[in-house]
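Below, each structure is written out as structure tokens.
One chain, chain A, appears in both complexes that follow, with chain B as partner in the first and chain C in the second.
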Partner chain A sequence: MPASASTSQLSPAELSYLHSSLSSHPPIRPDARLPTDFRPFSAETNVLPNTMGSAHVGFADGREAVVGVRAEVERTAQVAAGSDAREDDTEMGDTGDSKTERAQGKSSWISLTLTLPGLRDDDPGLFFLEEMLREVLVVPSSTTSTTTAAAAGSLQDGLVINSRWHWRLHIDVVLISPPEGSAAGSYPLPLLSMAIHLALRDTRIPRLKSEGEEDPLADDDWEASVHLYAKPGKSRCFAAGVPPITLLVMVVGGNVVFDPNGTELAVADGVFAVSIARAGSENDLVSILAVRMLETSARDTFKGVPRNEGGNEWDVVPGVWRPKLGGVKRAVLTKVMKAVLGDVGKEIVGSLEAFVVQGG
Partner chain B sequence: MAVTILPPLPDTDDYLPSRSKHYNASSDASDSEGGMSLDSEDIDSRPTKRMKIGKHTISRREIVVPGEPITDETQWMRGHGTTTNLSPAATLITATLAGPITPTNKLLSVLPIRARYTPEVGDLVLGRIVSVEKSQWRVDVAAPLLAKLSMSSINLPGGALRRRTANDELQMRRYFQEGDLLVAEVQSVGSMDGAATLHARSLRYGKLRNGTFLAVSGTGGGGGVVRSRRQQFTINTNTGATGGGEVDVILGVNGYVWLSKHIEDSTFGAGSKDNTPSNSKAGGVHLGINNLDEAVSSEAYSSQNNMIEEGTRREIARLTEVIRALAEGAVRVDEDGVTRGYEVAVELGLSTEGATVESSGRELLDQEFRRRVVEGVLGG
Partner chain C sequence: MPLDTTSTYSTTLLRLDGRRWNELRKISASISTQPTADGSSLVTTGNTSVVCTITGPREGRGQGDRTNAIVDTDINIAPFAQLDRRRVGRTDKRVQELQTTISQAFQAHLFTHLYPRSSILISLTVLSLDGGLLSTCLNAASIALIDAGVPMPSILASITTGTIIPTDNSLSRPEPVLDLNNAEEVELPFMNLATVRGQTGSEDQISVLLMETRVQMSEANNPLEIMLRIGLDGCAQVRSHLEEVIRRHGRRMTQGRR
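Let's turn to the complex of A and B:
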């Protein structure tokens, strides 16, 4: 297998062509998509028999992600000094502050494991991706919009059973991709994020027979289980709202391009991973949970060779590729945020919602 | 709609992509054979026929995996993708590739579902430079091994008969650097390992500019490029919604495809525009062995793109998607297919959408649209 199979290095002429195509108004994408178009993907949920929720998402280029979610009951580590006082408070029937304090979960109760082909399991990029996908799941409820639902706001708070026990959530993601081809070098973030979203929407936690401070005892009846995230028409759930979705957004020549593929990413001026979630119960409001900037591979490319070699090395010659230097302006970042909060974010949340309502 | 969520593909024991099965079902069986390769023709026309090989019957669509015994009857001969060496008596035929069994009279061979390109002398290939070594380049041509392009098999600026100096060796990245795409011919194939040696000693070979690259999968049951057809041709895209002028297409035998703007240059014949500068000093002068050096100036190795209009870029993007749709539909790519597919795509684009600049091309992602392009190529 040649080493080139994994490297998707493009020639300076290709980079220059791509960059000017994507910079024109409106941008011309190599696969003739609109800038806000996402690649179509196929999805199904509830595919793995031994999980509490699972999803299978596939792109047309052959990449597929399978996600399984399992929950287990775990003993909560007691805080030596504080726990007594807290328990006393609850026993006294104080419904105020102490109650909400007791219901605070820890973000470490949710773990996410990725398996990507061709990457060692101690690869730093893998940890970065895992954490990027996990951290938005555990955003504290105060920062998400106020929810009027009776259930706990954020996911980890909903996992608390009582002061001694809690649920622990394991999310396992496997990416399957063809050994080579056009998919090489493409950042799998949108695919993984969609798959995790759909798996979490599908996840159900067994109903507990035990009550209050008793040791947890699960109900055998799977039909009685409770959805992790609220489903339309069902009142009981562990967490309000919907799981967040992380979008990959690219900026090139002042254009904002959604869901870039591997070749498009090679000429990006800036790449952002923007996590969005539905704000409140309506579909038409989207809030941004997290934004991360990713390194663009346009920096480490060779520069093109101009026709006339006599010129100054730093002259800008049209049609000759120059590696990207410097960062992204604030105004560009604003543009990205506006684009995400605009129609695109709503449409994505809306179409995922429609899928869950129909098929899930 | 920004995002389209499709239902999962149905379970199928068919080795072909489901899309191709779909068009087989909907179109006339005899029609669907048209664009298929010769090897898979009989598989497709009789999908349900079972054949008797040895003790058990095998569906023609069933695939064997490497190491799977096929038959021990002596009436069968082993063909490509099979071996008899695994059994002591050398009678048991075992598969060495994964794919459907293809019998030709008494010869049993296995047609791989997907295989890398096997270089053969004289093939026109596209390659990407992987590394620069001492007086040679290593080129990825989608073969199992990297191909070799030595310093002495390219035209150096300053004349074909010029001696290669130590200075040239120091400046090898001026000619080709890592990642550069080039079109070349397979000069020889190694007798031991099958590694190809390329040469680019012709004005029609050399560095690629002004366009975009795509790879259709290698040889085998799926897509790929048809051998021994015209591989460099020009498509007039003025019929498209945006009027893109002429687009050059190079179909490498190895499944690499290059689409670029056609640069008008009266000096050279059709399909030879790719390594010649548009503003060549030799413009208009008849080119012979005596003034070859004038054409092969250092400009031949520049990576500066010409000015390309948006219309051309759009039509190149449309052509890219047409070729990709053909490859995904398990249709082998050749000149006729690309031309017809493009015509179908333009027609469909004009009829379905308002043919505005905004909408042109976006329908290409649609599965139904792709299916119709493939159908149009096979049926028309």
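Let's turn to the complex of A and C:
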């Protein structure tokens, strides 16, 4: 799937100009941002009455994302009856003895739906984006290299109520935007990821009155509800740490550019979606959860024609646009990882933390 | 606590949420909520909130009508809008019917002859739904179209009305109620009504009337007539409210320009 929703409207000469200005040192971006600068956005949480957690994030280009999170109690599918039941009993005894072993949750208990304007409900790009945003939420606790993971575990493990019941989490995202063509159609990934992050941190799950293996019975008092992700000063939570954030990173001629807009994406040599999360309880440590390469829309552009047409068709004439074929060198990938793990990642995690603490 | 209106209304004359029969829910509306859209609005009626963005009037690609603009509607109900989470697809029959209703209402109401070969797209996003879906969508689209600068003779204002028909005594008068919420819509027969202001000196004119529930007719007290009568008053109330929103926005704009 190309990383830009709409195909580029730029001519080969414009693309060539944009590419050379972005690959100069330091890169010159069309909107005069630094390579690590993000676009400004406004955010608010707890905006919808019918949800357990919600957020509304608006970018300056007029696109807004509204996220609502709902949780409902669902019966856990039993593997088999009869002989397996006895095994279950013994396992229960084990967990009773040592509380350290927690029940494992399933990643399918967390579902994420996206509604984008102008896209069909069965658009393959939509599913790709949904899964890309969902898969980082359901990282099993064993792979997160954190010490606190043992305390509360990953998100899906926290959703286990008892051996028969669990919480099911629905994350629904609605993107409100002017239809493509009016603004440069940029990939909505950073907007959606930011909105999901804030909504999940706002989410509260009702406290259960029932204990142990009883059927779940929720407490009516919303004040007694428990935050899904840990809040500073609150001890109880469902999952440790903070929800992950997915950043859009672009590579142009050896330069690493963060949060590219639609115009910049049109000339990208490579586009990455990098998911990061805070590692441990300290703010200044960031770990990478997932990296995905996205297809660059520079592939679908038309090539420029040199003035003197005599040369071979495959000769590279400097200053004449050639569509990018994709593929990124290892050294450049290392540069991306270093940039994400460095100041940029820390700054993002830190500023979102500041927003949540102030808002809460 | 009683869970239905029918059993308690005759004694208390109060509805489930404590309103009188002719009380509207709190309407808060604003326009120009999205800076990049041609026109936009956010209308909240009680717990129902709808965001509307207008695209156009702009060149309609492959638009056959050479004398008028064509109005299209796109309704999108968020999965978290209702109390029980449900994903309403784009091909849902009910949503498609609402889209057609809204398109036709504005096709007839707007001065579309001023924009030949153009198209106007009304995109509605329902963020929270507690009754009055069509009415809130019509109100939101109406003021968003004003924000987009599409000329129209008056604001198209809409409301839902219902009747409480006592079950025990069929001779007693049916009681009308205005602006139903979701619990009442499930229980009572109701209609969606939208009016536009008529020429000076004449009455308001009904532009949309949609009724999807059955109502028991009796010759002495026609519930349909009662519903229509208070619906017209309700629409006038909503219209004056929306007009005030537009005026306030206009005042702020002119102050900012000075």
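Going forward, the second predicted complex is superposed on the first by the 319 of 360 C-alpha atoms of A that agree within 3 Å, B and C clash if a C-alpha of one lies under 4 Å from a C-alpha of the other, contacts with A are read in each partner's own complex, and residues count from 1 in each chain.
FYI, a residue touches a chain if its C-beta (ideal position, glycine included) is under 8 Å from a C-beta of that chain, and two chains touch if they have at least 3 such contacts.
On a predicted model such as this, the values are computed, not experimentally measured, just so you know.
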Chain C versus chain B on the shared chain A, clash or fit after superposition: clash
Of chain C and chain B, partner touching more chain A residues: B
Partner chain(s) touched by A:D121 [first = chain B, second = chain C, both, neither]: second
Touching partner for A:G68 - first (chain B), second (chain C), both, neither: second
First, second, both or neither for A:E14, with chain B first and chain C second: first
Partner chain in contact with A:E353 - chain B first, chain C second, else both or neither: neither
Touched partner set for A:D219, first chain B, second chain C, both or neither: neither
Part of chain B, among the options 61-69, 223-231, 277-285 or 295-303, whose backbone runs into chain C after overlay: 61-69
Chain B/chain C common contact set on chain A: 182
Contacting residues of chain A [partner chain C, same complex]: 48-51, 54, 61-62, 64, 66, 68-70, 72, 113, 115, 117, 120-121, 170, 172, 174, 176, 178-179, 182-183
List of chain A residues in touch with chain B within their complex: 1-5, 7, 9-14, 16-18, 20-21, 24, 26, 28-34, 36-44, 56, 58, 60, 181-182, 258, 301-302, 304-307, 309, 317-321, 343-344, 347-348, 351-352, 355, 359
Touching residues (chain side chain B, partner chain A) in the complex: 1-9, 128, 130, 140, 144-146, 173-174, 177-181, 207-215, 217, 277, 298-299, 301-308, 310, 313-314, 317-318, 320-321, 324, 328, 357-358, 360-362, 364-367
Chain C residues touching chain A - in the complex, by the definition given at the top: 34-38, 47, 51, 53, 55, 74, 76, 78-83, 85, 87, 89-91, 121, 123, 125, 127-128
